[in-house]
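What follows is chain A paired twice: with chain B in the first complex and chain C in the second.
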Partner chain A sequence: MPRQHKFSLAGAIMKIRLREPTIAFLFLLPAFIGVIVFYYYQIVQTGIYSLHNLQHTADWQTQPFVWFKNYATVFRSTYFWQSLRFTVYFTVMATALELAVGLGMAMATFWVSRWLGGILRAIIVMPWVIPPIINAMIWRWLFHADVGLFGYILVSLGLADKPPLFLTEPVLAVHSVIFADVWKNSSIMAIFLLGGLAAIPADIYDAAKVDGARSWFRFRKVTLPMLLPTILVALLFRGIDALRTFDLIYGLTGGGPGTVTETLSSFAYKYYFTYGKFGLGSAYAIVVFAIIVGLAVIYLSRIRRNLRFKE
Partner chain B sequence: MFRERKWLVGICILVVLATLAACGPTPTPQVIKEKETVVVPVKETVTVKETVVVPQEKTTVTIAYNQYFNMTFGPADPPIVAIKKAVEAKYPDIKVELLVTSTEAKTWHDMYTTWFMAKDPTVDILGVGGYWTAEFAEAGWLEPLNDGVAPDVDPKITAKLIPAYLEAHTYKGKLMGLGPWWGGIGGLYYRKDLLEKYGFKPPQTYDDVVTISKAIMAKEPGMTGWTWSGKKDVALVNRWFEYLYGFGGKYFDDAGKCAMNSPQAQAALEYMVNLIKEGISPAEVATWKEEDSMVRFVSGQAIFHTGRQDMLFWLDNPEKSKVVGKWGFIPNPAQPGGRRSGTYEGWAFAISKFSDSKDAALKVLEVMFDFPVQKQLNLSQGPVQAHMDVYTDPDVIKNNPNMPLIEEIAKTALAPLSSPQYPEIADILAEEIHAAITGLKAPKAALNDACARIDLATGH
Partner chain C sequence: MSVKLSHRYRNQATYLMQTVVTIAIAVFCLTPMFYILSTSLKPRGAEYMIPLELWPSKPTLQAYRAVLGIVEEAELESETKGSMVLPADQARIVKSLNFITPLRNSLIVSTSVAALSLLISSLSAYAIARLRFKYKIQSLIFLQLGAMIPIAVTIAPTFMLMRSLGLLRTLLAMIIPNIFYNVPMSTWLIACYFAELPFDLEDAAKMDGYKPIQIFRKVIIPLAAPGLFSAGVFAFLGSWGEFMLASAVSMGIPAVQTVPAAMLNFSVQFRYEWTWISAAIILSVALVAFMTLVFQRWVIRGLTAGAVKY
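Moving on to the complex of A and B:
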C-alpha cells in the first residue's frame, strides 16, 4: 500500500536546507530594508533637491530643474575650499591626538585593580557624555579673554603679559577647537581601546615576560600589534565623526575669526535651515557626503589590505 | 547552490504575497437583503424635552516664544500669564498656550523654518525678529494683516501703535506682524562723572569719542575706552549698521545693489578697526557677546559702552552695578554727514499662514497689542512696546524712571535691513566685519568681498 503524504507548511519549512550565508542574509533582510527606507531614501531625496532651484520650499516638482548649477556654485566658492582645508586639518590633528591620549588613558586604567579601574573609567567617560553644545560653553569660559582660566594661569606663571585671545587669533582659534575636541572625544577612543586590550590573551604577556621582555618592549611588540585592528576601526569612527563636526565649533567660535574655523558641515546646515536655500544646501550636503564616503572607502580598503582580515 | 537560490526566491515571493494579501481587503460573507413591509399602528406620540449641557469647546491658540515669556522682572505677571488672563476675560472660548522656543535667535529662526516646511498647523502666533519679517513674508509663511482678506487687524488697534514700528514689520505694503512687544535700540552709555571731572561734554561725533577716551584713559590707568559686542554674531552686524549710517553710508543703492563698500562704509569699518588698533577698544571685543561686552562698563572700568536700552533699568541698582548715578545714555554719535543711528531689534508677533485657528489667533493678537497687556509687558520686561500710551503712563514711569531717555534714542531707530535674504546677508556681514576687526582682512577688501557675496545672494 503506497504511503500517503500529507502536506504541512511547517514541515516544508523545516525541510528547507539553507547554507549559513543565506540564513544570515535572511536575518539581515529586515534591517537592510529599514536602512534603505530610513537612510538611503533621504539621500536620494537630497540628491533630487540638489538639482533644483529651491528657495524656501521643498516642492521640487514645481521648481526649476537646474542640472548641476548648485554643484558649480559649491565648487566655485572659495569659502568652501577654505573650510575643506580646515576640516581635514582638524580631523587629522584631532583624531591623532585623541588616539594618543585615549591610548594613554586605556593603558593607565587597564592594569589597575578592579575597583580603581571602575572609578577611573567612569571619570574617563564623563567628558564624552556631556552634550557638545554644553561642552562648547564650558570651553568658551575657559578660553574667555577676560575671565578665562587658561589666560589667568598663563599670566600668573609669567608666560604671557595679558590673556591670549584664544578664540580670535587665527592660529590659537584653530588649535583651541582641536584641544576642546580632544578633551571630549579621547574618552570614547579610550573605551574602544579598552575593549581591544581586554581581547588580548594574557598568556601572550606571560610568555613575553618569561622570555625577559620588559614593559616597553611588550607594549611595542605585543600590545600595539594586537591592538592594531581596534585602533584602525576606532580611527575610522572618530575620523568620520570629526569630518562631520559642527556643534562644538559652532558653539565655541561660531566659525570665526572670520571664516577660519568654518567646517564643511556648517555649509549644508546654513544654506538649508538658515537661508532656506534647500537646493544649494542639498548640493553642499551631497558633496560632504561624497567626501566622507570616499575617504571611508579608501580607509577600509587599506585596512583590509594591511591586516588581511580573512580567515 | 542554484537549488538554495530557488528556495530563497520562493520565500521572498511568499513574503511579498503574504504582505499584499495582508494589505488587501478582507473577504466578507455575501449578504442578500430582502425587503419586507410591516404596518404597525401608532397609538400616541409623546415629545419629551431634555436639556443637555455640553461644555463649550475652547479654541486653543498656541504662541511660540522663548522662555522669557514665562518670566517677570518687575511688578507684573509674566507676559504669558498677563495675556492668558486678558484673553480669558474677553474671549472665554479661547485658550492660550505657550510653545517655548530657543533663546538663541539663529536656532529659533531655524526651528521656524522646519515648522513652516512641515506646514505645521498647530502653531498659530509666532514671535518674529524684525529682520525675519521680509524673509518669512516673501516665502508666504505669514498671514498679511491688512490685505483686505480675513484675518485683518482692527484699525482701532493699529491707530494706537507707533507708525515707525508698524513700518518696520511691513513688507511690500503688507503688514506682516504687530510689534514690538519688547525690543531694543542701540545707544551710547557714557560715564557722566568722568566726563564732567575732565571737562568734556557728551560726544556728538565719533571723533569726539576717540578724543575723550584718549584723554581720560591717559589720566585713569586701567580704564577701557569703549566696549561693544564684536563676536561673530548678529549683534556685531547690528553695531556695524550703526557705524555705517553714522558715517553716512547705507545698505543698498537705488538699484538694489549692496552699497556697504562705499567710501563712507570703508571709513566706518576703518574707524572700528582703528578703535582696536589704538587700544580704545580692547582686542577682546572680537570675542564678546552682548552680555560680555557690558561687564567692564557696569563694573566701572569703561568710559563708553554701546548697547541696547536694557541696561537703563538696572544700572542704578547697587546690587548689580558699580556706576550707580554716574552714567548717561544718549543716541550713538555720527560724523558730519552721517545719521545718529541705533539699530532697532524689535520682536513682533505674526500669524502663521498654516495656522488652523487664524480668526482666534487674530483676536489674541489684538488683545496682546491693546493697552492693558502692553502696559503689563512693559512692567514685567521693560521697553520697548508698540503702544504709544505706554510711554506716558504714570505707573510705567514710576516703575522705570529712565523711560524718558528712550524717547531720544527711539528717534534715531534704524529700520532693519529688509530683505528676504537677510539671514544670509547677516552671516556674510558677520564673517567679513569680524575678519576685518581681527586683522584677517583689510577693511576695504572685507567690504568688497561682503558686497560681492551679498549681490550674489540677492541676485544683483
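Moving on to the complex of A and C:
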C-alpha cells in the first residue's frame, strides 16, 4: 500500500528554501506596503488635490483642474506668511528651550545619587506620556483668565495686579503655547540626552577629574562635545515634530487670538474640515511637507552615518 | 581631622543640593497634573472659588461619577435645587456623558495598533538589522522618510480612502492607518535592539537545523523582548494620543470616538465644567501613566538604545 501524503500548506512553505535577500524582501513587504499606502500614495494624492478646486465631499476627478491657482492663493494670502512666521518662531523657540530644560534635567538625573536618579527618571517621563490634545486642555485650565493657577500665583506673589490674559493677548498667547509645548516635550529631550550621557565612557570623566578639571570646564570640554551628536539628532527629531504641531494649537488657542497662533498644519486642517476646501488645504499641506523634507533629509543623513547594522 | 569634617559637610551640602534639584524638577513636571487632579476632586462649581484651593478641603468623587455617567437621585435633587435645570434634564445630560465608551474605544484601538505594528515592524526590523541584502540603508531611509510626513498632509486622502472603503465612523478607520503611523519608529527601535544581539546566534541556530522563520521566532524574538516591549508601549501611547485622524474619521459620533476626540467634544460641550473636564483628563491619562510608570525602566532603556545608535 502506497504511503499517503498528506498535504499541508505550512509544511510546504517550510520546505521552500529561500535565499537571504528573498527572506528580507518578504519580511519588509508588509511594512513597505503600509508605508506606501498611508504615506507616499497620500502625498501624491494631496499633490493632485492641490491642483484642483476641490470641495469637501466631491471626487477630485469631477472637479475643475486649476493648475497652481491654489498655491497662488496660498502665497498671496497674508495669513500664510503670518502662520509661516509663527510656525518657524514656535519651532525655534520651543526646540531651543526644550534642549536647555531637557539637558538640565538629564544632567541632574545623572548627577544626583542613584536612588534620587531613579525617582527623577520616573518623574521626567510623566509629561511625555500625556497626549498632546490633553496637554492643551491642561494648559487651558492653568492659563484660565480668571481662576487659572498661573495667573493666581503671579497675583499672590504681587507680580501682577490682575491675572494676565495668557491666551487672549497676542504676544502672551504665542509664548503660552510655546511654554505648554516645552513643558511636555522637554521630557523626551531629556530621555534622549540621558541615553547620550550614559554612552560617554566613564574613564574619560575620570581622566578629566585626575587632571583637575573643574566641573564647568569638564562640562564644556568633555560632556558637551561627546554629547553633540545626540543633541543634534534630538534637535532635529523635535524640530521636525514641532514644525507640524497641530493638536496643541487646536486644543489650546484654536489658532487665536485671531490667527496669531495658527500653524501651517492647523491652517491646513481648518481649510479641510472647517471650510471644506480640500484643494486649498492640500496646497497648504504640500508647503508644510516641502519645508519638513528639507529638515528630514539632514536628519536622515545624520543618523545614517552611525548605522551599525549587519551589512 | 578638620579635613575629614569639611569633607563630611561638603557631602551633606551636596546631598542637600541634590534633593533641592530633584524637588525642583518634580515641581516643574508634576504641578500641572497635580492641579488637574485637585480640580477633579472639587465639588461642582468650587473650581471657580477664590482663593484657589491647591487641594480641596472636602475631596469628592462627584465629578468622576458624573463623567462616567453614574448618578444618584439625591445628588441630582441637591445639585439642581434653586436652579432652572430640572433633575430629569440633569440626569439626561449626565447620562449622555459616559466617558467609558471613549476609554473602551481607545483601549481597543491602541491595543490592536500596538500588537499589529509590533508584528509588522519586528519582521522589517529583523530584515534590516540581521539579514544580508542590497539597498538596506535605502530601505530604512524609505521607511523613516515616510514617518516624517505630517498627518496634516496625509489626512485628506486618508479620509477619502476610508470613505471609499466604507470605514468612516468605525474603529477600523483609526486602527489601520495608526498601525503604519507607528511602523517606521518601531522598526527603528527594534532594529537597534536586534543589532545588539551577537551575530553568531543565527549561525549557531542554523547548525542546529533551524529554518530562518524559526530562528526569528524562537531565538531572536525572545532575546529582544525588552526592545519589542518598549516599541509596543511607544505605539500604544502614540495611538492613544492620536487626534487628527481620530476626530476626522469618527465624524462626531460618540460611539466611535477615542479619548482625544471625545475629550475635545467634551470640553466644547461643557466648557465651564472644569471639574468634569479635569476628571475626564485624569481618566484619559491614568492608564497610560500607570503603564509607563510600571514599565518605566524598559521604556527608557528601549528609547535611549535608539537614541544612542543615532
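As a convention for this text, the second predicted complex is superposed on the first by the 249 of 311 C-alpha atoms of A that agree within 3 Å, B and C clash if a C-alpha of one lies under 4 Å from a C-alpha of the other, contacts with A are read in each partner's own complex, and residues count from 1 in each chain.
Assume a residue touches a chain if its C-beta (ideal position, glycine included) is under 8 Å from a C-beta of that chain, and two chains touch if they have at least 3 such contacts.
It should be emphasised that the depicted structure is a prediction, and the values quoted were computed from it without experimental measurement.
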item: Which superposed partner A:Leu224 touches (first chain B, second chain C, both, neither); value: neither
item: Partner chain in contact with A:Gln42 - chain B first, chain C second, else both or neither; value: second
item: Touching partner for A:Pro30 - first (chain B), second (chain C), both, neither; value: second
item: First, second, both or neither for A:Leu300, with chain B first and chain C second; value: second
item: Which of chain B and chain C A:Met137 touches, first, second, both or neither; value: second
item: Partner chain in contact with A:Pro257 - chain B first, chain C second, else both or neither; value: first
item: First, second, both or neither for A:Phe273, with chain B first and chain C second; value: both
item: A:Val92 touches, of chain B and chain C: first, second, both or neither?; value: neither
item: Partner chain in contact with A:Leu165 - chain B first, chain C second, else both or neither; value: first
item: Touched chain A residues, chain B compared with chain C; value: C
item: Residues of chain A that lie at the interface with chain B and also at the interface with chain C; value: 18, 25, 144, 146, 273
item: Touching residues (chain side chain A, partner chain B) in the complex; value: 16-19, 22, 25-26, 55-58, 144-146, 165, 167-170, 253-260, 270, 273-277
item: Contacting residues of chain C [partner chain A, same complex]; value: 15, 18-19, 21-22, 25-26, 28-33, 35-36, 39, 47-48, 50-52, 120-121, 123-124, 126-134, 136-137, 139-161, 176-177, 179-181, 183-184, 187, 191, 195, 199, 211-213, 237, 240-244, 248, 259-260, 263-264, 267, 274, 277-278, 281, 284-285, 288-289, 292-293, 296, 299-300, 303-310
item: Touching residues (chain side chain A, partner chain C) in the complex; value: 14, 18, 20-21, 23-25, 27-28, 30-32, 34-43, 45-46, 49, 101, 105, 108, 111-113, 116, 119-127, 129-134, 137-142, 144, 146-147, 149, 152, 183, 187, 191-196, 198-199, 229-230, 233-234, 240, 243-244, 246-247, 250-251, 264-266, 268-269, 272-273, 278, 281-282, 284-286, 288-289, 292-293, 295-296, 299-300, 302-304, 306-311
item: Residues of chain B that touch chain A when the two form their complex; value: 4, 7-8, 11, 106, 109-110, 113-114, 116-117, 135, 138-141, 231-233, 282-284, 286-288, 292, 295-296, 420-421, 423-424, 427, 430-432, 434-435, 438, 440-441, 457
